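What follows is a single structure, and I will ask about it in a moment.
A, B, C and D label the chains in the order they appear, each numbered from 1.
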Amino acid sequence: MHYITAGESHGPQLTGIIEGIPAGLTIDIEKINQALASRQGGYGRGNRQKIEHDQVEIVGGLRHGVTLGSPLALIVKNRDHAHWSEIMNPTSPATPANTVRRVEHPRPGHADLVGGMKYRHRDLRNVLERSSARETAMRVAIGNICEQLLAALDIQIIGYVQQVGPVKIDTEPSQALTVPQIQKQVAANDLRILNQDKVTLIHDLIDRTKREGDTLGGVIRVVVENVPAGLGSYISWDTKLDAKLAGAVMGVNAIKGVSFGDGFKDAASLGSQVMDEINYDSTKGFSRLTNHLGGFEGGMTNGMPIIINAAMKPIPTLYKPLQTVDVNTKEPLKANVERSDTTAIVPASIVVENVVAIELAKAITDAFESSNIGRLKDEINRYRQELVEY
Amino acid sequence: MHYITAGESHGPQLTGIIEGIPAGLTIDIEKINQALASRQGGYGRGNRQKIEHDQVEIVGGLRHGVTLGSPLALIVKNRDHAHWSEIMNPTSPATPANTVRRVEHPRPGHADLVGGMKYRHRDLRNVLERSSARETAMRVAIGNICEQLLAALDIQIIGYVQQVGPVKIDTEPSQALTVPQIQKQVAANDLRILNQDKVTLIHDLIDRTKREGDTLGGVIRVVVENVPAGLGSYISWDTKLDAKLAGAVMGVNAIKGVSFGDGFKDAASLGSQVMDEINYDSTKGFSRLTNHLGGFEGGMTNGMPIIINAAMKPIPTLYKPLQTVDVNTKEPLKANVERSDTTAIVPASIVVENVVAIELAKAITDAFESSNIGRLKDEINRYRQELVEY
Amino acid sequence: MHYITAGESHGPQLTGIIEGIPAGLTIDIEKINQALASRQGGYGRGNRQKIEHDQVEIVGGLRHGVTLGSPLALIVKNRDHAHWSEIMNPTSPATPANTVRRVEHPRPGHADLVGGMKYRHRDLRNVLERSSARETAMRVAIGNICEQLLAALDIQIIGYVQQVGPVKIDTEPSQALTVPQIQKQVAANDLRILNQDKVTLIHDLIDRTKREGDTLGGVIRVVVENVPAGLGSYISWDTKLDAKLAGAVMGVNAIKGVSFGDGFKDAASLGSQVMDEINYDSTKGFSRLTNHLGGFEGGMTNGMPIIINAAMKPIPTLYKPLQTVDVNTKEPLKANVERSDTTAIVPASIVVENVVAIELAKAITDAFESSNIGRLKDEINRYRQELVEY
Amino acid sequence: MHYITAGESHGPQLTGIIEGIPAGLTIDIEKINQALASRQGGYGRGNRQKIEHDQVEIVGGLRHGVTLGSPLALIVKNRDHAHWSEIMNPTSPATPANTVRRVEHPRPGHADLVGGMKYRHRDLRNVLERSSARETAMRVAIGNICEQLLAALDIQIIGYVQQVGPVKIDTEPSQALTVPQIQKQVAANDLRILNQDKVTLIHDLIDRTKREGDTLGGVIRVVVENVPAGLGSYISWDTKLDAKLAGAVMGVNAIKGVSFGDGFKDAASLGSQVMDEINYDSTKGFSRLTNHLGGFEGGMTNGMPIIINAAMKPIPTLYKPLQTVDVNTKEPLKANVERSDTTAIVPASIVVENVVAIELAKAITDAFESSNIGRLKDEINRYRQELVEY
């Protein structure tokens, strides 16, 4: 399984192709659109999200709502393109009239400057249109298809917010809750957090930060339940599934750290505190008494819930602009201010959830014969039963 | 560029092949052996390391000490194999005499149990012989060749220890030191730490932990200087170099978290605190006033030092054994105790340094025409000059 | 560089994404459309081609006609979809009304039967809609972009017809002609052949074959000039560029054989007859006196024109239908007859030309730093000069 | 599954690593050595083969003769290295004494000249030591392991000689014979041909060619039986298994053409002549009445025997040397004569057989869950039964 996306933030559309989804899977388009809406929501967003109301179209690989086994082609139109149809026109030649809104003052923390140097762009809009997090809408659409695949195999996944700026959501360890319980709790507020008592505090933090023209990051957690043991392998560095997941999560815009289970806390603990002792039950087979390691041993899933944490840096586009340099005159000045959010931690939690779903769907379809969803289900069930009987 | 390793912990040898190292690079074998020796050192190691004195042999791709451009084949013999020549014999059939020392009590925190289930092994030695960190010796050998390649391009790298168990090495931010300065300071103690004042404290911690039959993890930092801006790209999720580095670092045994620059601390900060403002100097071109982001923007190197942090969990093999279950009788009991270290944070810092070196060498040789080191040097120099003149 | 396509033959559109085209390349959309029109032409085609008049749209990666360096997204609408909007509707659920025109009699020589078995389809339309050569329209669109990239590097390419059914185009060896000369000659007839004298003969053959309800294959030749020496490598089996080209050409629908230079004729010759002796000229450097090997030695381009031959089987959809079996009743009967061509050798010559262009563009952009077309041109020119001075 | 090889022709050894062979497979080392011996045999070989008597050692991934699931490391020592231990010494610095036997007169038809230009070698021995067909010994060793895997799944394979120089082995179509029958017949002579009556004729041809200082190529055929239908896919150009096989076969030294089934003959035939009509049998399921297409439809195996043809050019190293140019003086002169064979068509047939085995083993292990050979067997059997019941 592999996928690719294309499209600029204010271009006509985002386009995605994913190959390797089994034939015979019924796709619920509305679920994809709900995921896209979730990505556009959350407290602390700017105005762009009010413009877009993303809707996916599937124009390849699907017939009568069921996958064909051929590559799926997805489209998400950019409604905002109407206002940029000349400036971001793919084919009409450049003229003075359509090359306005040039970006020549690279924003610190963004791809602008290095992108310009690497690709020899002088109008840094040519960089930021692609490096923008707008692209993650397509990753969510593709990820939701993968979530539907995982659901067909009884695997549940949720991404939510564990920390906003300095405020940690102090609550009982989330792994004590099932994924459906987490889903329900985080749906009860616009911060996607487990602890309702902290909502007002964080709203206030975001409001204050916004007034000051500043931005916030946070920490995201993803939990996945009922993943079969034995995905990934210890045999080579690049067959470890936790390593692949780490790469995919770090590949989400603004993510600067990723960890499994207790993560960096493990580093400060004693061995006797962090190992998950092994238990056996004749009907369920082997399990672990705890889950400090977040569902991975030796780069393989061990049957416990997967727990991934991701650190998101604050959005670098500030209304309180930072020092930069004009790429032409080389004069120091203040960075351009593009329309921006105060914090994108809520949508980022959706995006991280979805890239995790993609990697897990990939791990499963790569490991098992996955031409058809029915055959795949049978195989996975037999494999699960075999593990119980080990 | 790509590489693969093979070999079991007590088998005859580790074998590695790396393809994509340019022709014409002079390889200093002694440097590789020094790196292998460093991986075997450090305070807190067990007895195995006194048995092995790793020496690399190169049996392909090298002639008269110079690379040919063809794949390099490396060998590191396992001296300990002499004691295991029957038990780990590749070809002689299994007999009662050579199938002793079976492992049937999987150790929590290791690959043992899941590996047995996945590959249908009943003697879990068949798992642990490969999942053992012994394999990282070959990654270090290959990594040192990559470091020699990077050095030819004036890129310096160092991995060292930032935290042992709960003890953080409080010192001025390491990025204020040059890589040669860091190399010198961390070579002055057997903990590979910057702050000599903490050596006794940490020695005591390790000694006490050892007496209690427990183990320690820690945090590793890698710093890389003089990397050209523009390696990696924002254009697709899987072209981001920080994502690839995160995957490679997470692929090191016992690593549970990875971050760039300020990492998880960024998540708690305001945007105005963590962005690295842009500066310009007519002779050096663009730079950043700070380096909170650890040398990456938009998944690309930005010319600032790369700073990577990795969290290592404590070694799961305890002398104070953990609960497990016999895979045959299903009786609960205590895990096997294999020969082990109290902490492997020092060697892990070498390993992480080396896998970072590999990924950077890969990023450069994949991006630039790299058949010959002389041509590659010329290209990189022209590219660097172009960036200064942007 | 890599690409993927999606879309069914009677679905709404073909979609393609290609990543790795350098920034700064001006794309001539009309050239792409001309290539698409060429793929739809040629003597011996059926009626489908009169329905489609393919036009490409680029909806990502292009701005004002110039590449951005980000992935290019291409669309070619299926005009015929209007007649199939219910039967091939991606999302509306299956009903008796929209599941007509089922295919349950697999056609020999097509993917129908095996595709049904592999993906568990009972309506084999779910197979043939994707396995249809309709998909090659997108490969041509992507290939033409690659041809425009090659043209910017002064590399010319042409694919044409060497044999139709049993009729070989006996003419002087094509490698004696330059690519522009070949382009001019083959454009003078609707068979894309070099020898005008054979046009009537082949027209008659096609007409007669059509009357008999039968079909014809043929042999295609692709010639590429001015490719720098040293693309590909002998160092590993999977770095050989001729091997990659062979895979790409064999990946074109209906191609059953591929060879380089004299190909299978080489197998019957003496070594002294087929080796291309080496010559030297102080201004041009090294060259070969002949080109029996088709521009490759040791899996590398050697600077001589690349010559590739491809054998195309006759189109398997006959009006004189073949024996098959109903997949439900298991009764023997005659295969369905879908709308078809008598020969598709002319369009296939376009498709093969284009997949060769893609692989060569990939070989160049993978080998050289290719973020920007201007930088790439400079590098290639320096490299070419270096080879002359070797 | 993937593999890589390393090692120079006169270096200490060939090294290979293959990852992805299932755990639990018993490896017969003697079978590998027999395959290595076959590669060294055949009428028309030179003296080098009398020096080498290749023996494989497995130094990783194998324990007590059974695969562990971890990467297998293989070694084949070069016995001839004893005579080259200084000239081809990996590590001792270059001196006048050990840099004799330089190659500065590139041989037409070899990688010598282009390899020198690409990698900036002035002693072309640095090229030919790796581009030599010596490397194929390791591909045979790895291929034989794959053949043992295929045999465990009841898949048989044979490669043999169909044509030597201009002499075709006129016999009944080989697909009428089973693989074991072919194996028996071709083992009865030193030309690996089916028709014993042609042995003397071809011996004479080879002897005469040798006296004249010339060389011969030929055509190889590989037949594989009992491959499950549905390997590979029509869904994308790079998922077609025939395309991958074509690449692997073209990646064998001196191969200039590859085809399936009737191959280039198909191009001259009518559609009604070359399509394989579909048949059904209630116990065996679907089959084809003929096999013109060589076991592939739509890039997928169709359950019929796979038939691959490969055209080998004559060995370019002639005792009747060809014109070349000294790379230093640029003077025209005659090419160096290295020790050589008159024809290598027999060993090449072994090599092509083995690379086909590798690709098929890869196709199967990539498609099915292949951690353990027992589980894989069960899956394949269930899959085969499902296809019968389609």
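Methods note: contacts are C-beta pairs under 8 Å (C-beta built on N, C-alpha and C of every residue); 3 or more make two chains touch, one makes a residue touch a chain.
These numbers come from a predicted model, not from an experiment.
Undergrad: Match interface C-D to one of A-C, B-C or A-B, accepting only the pair for which over half of the contact pairs are the same residue numbers.
TA: Repeated interface of C-D: A-B.
Undergrad: Counting C-beta pairs in contact, does A-D beat A-B or the other way around?
TA: A-B
Undergrad: Take the average of all CA coordinates in chain B, do the same for chain D, and state the distance between these two points in whole angstrom.
TA: 37
Undergrad: Indicate the whole-number Å distance between the mean C-alpha point of chain A and the mean C-alpha point of chain D.
TA: Whole-Å distance between the two chain centres: 45.
Undergrad: Using mean CA coordinates as chain centres, what's the chain A-chain B distance in Å?
TA: Using C-alpha averages as centres, the distance is 27 Å.
Undergrad: Please list all residues of chain D that touch 2 or more other chains.
TA: Chain D, residues with two or more chain partners: 4-5, 19, 69-71, 118, 130, 230, 233, 235-236, 371, 375.
Undergrad: Can you tell me, using the touch rule above, whether these chains form a line, ring, star, complete graph or other shape?
TA: If you draw each chain as a dot and join those that touch, every dot ends up joined to every other.
Undergrad: Tell me, which parts of chain D touch chain A in their complex?
TA: Residues of chain D touching chain A: 19, 69-71, 230, 233, 235-236, 239, 366-369, 371, 375, 379, 383, 386.
Undergrad: Could you please specify the touching residues of chain C with respect to chain D in the complex?
TA: So the residues of chain C touching chain D come out as 4-5, 106, 108-118, 127, 130-131, 139, 163, 165-166, 209, 214-219, 229-230, 233-238, 240, 242-252, 256-264, 266-280, 282, 286, 288-289, 293-294, 297-303, 309, 311-316, 318, 320, 322-325, 327, 330, 332, 335, 355, 387, 390.
Undergrad: Note which residues of chain A are touching chain C in the complex, please.
TA: 2, 4-8, 11-17, 19, 23-24, 29, 57-66, 68-73, 75, 88-94, 98-99, 118-121, 126, 129-130, 371-372, 374-375
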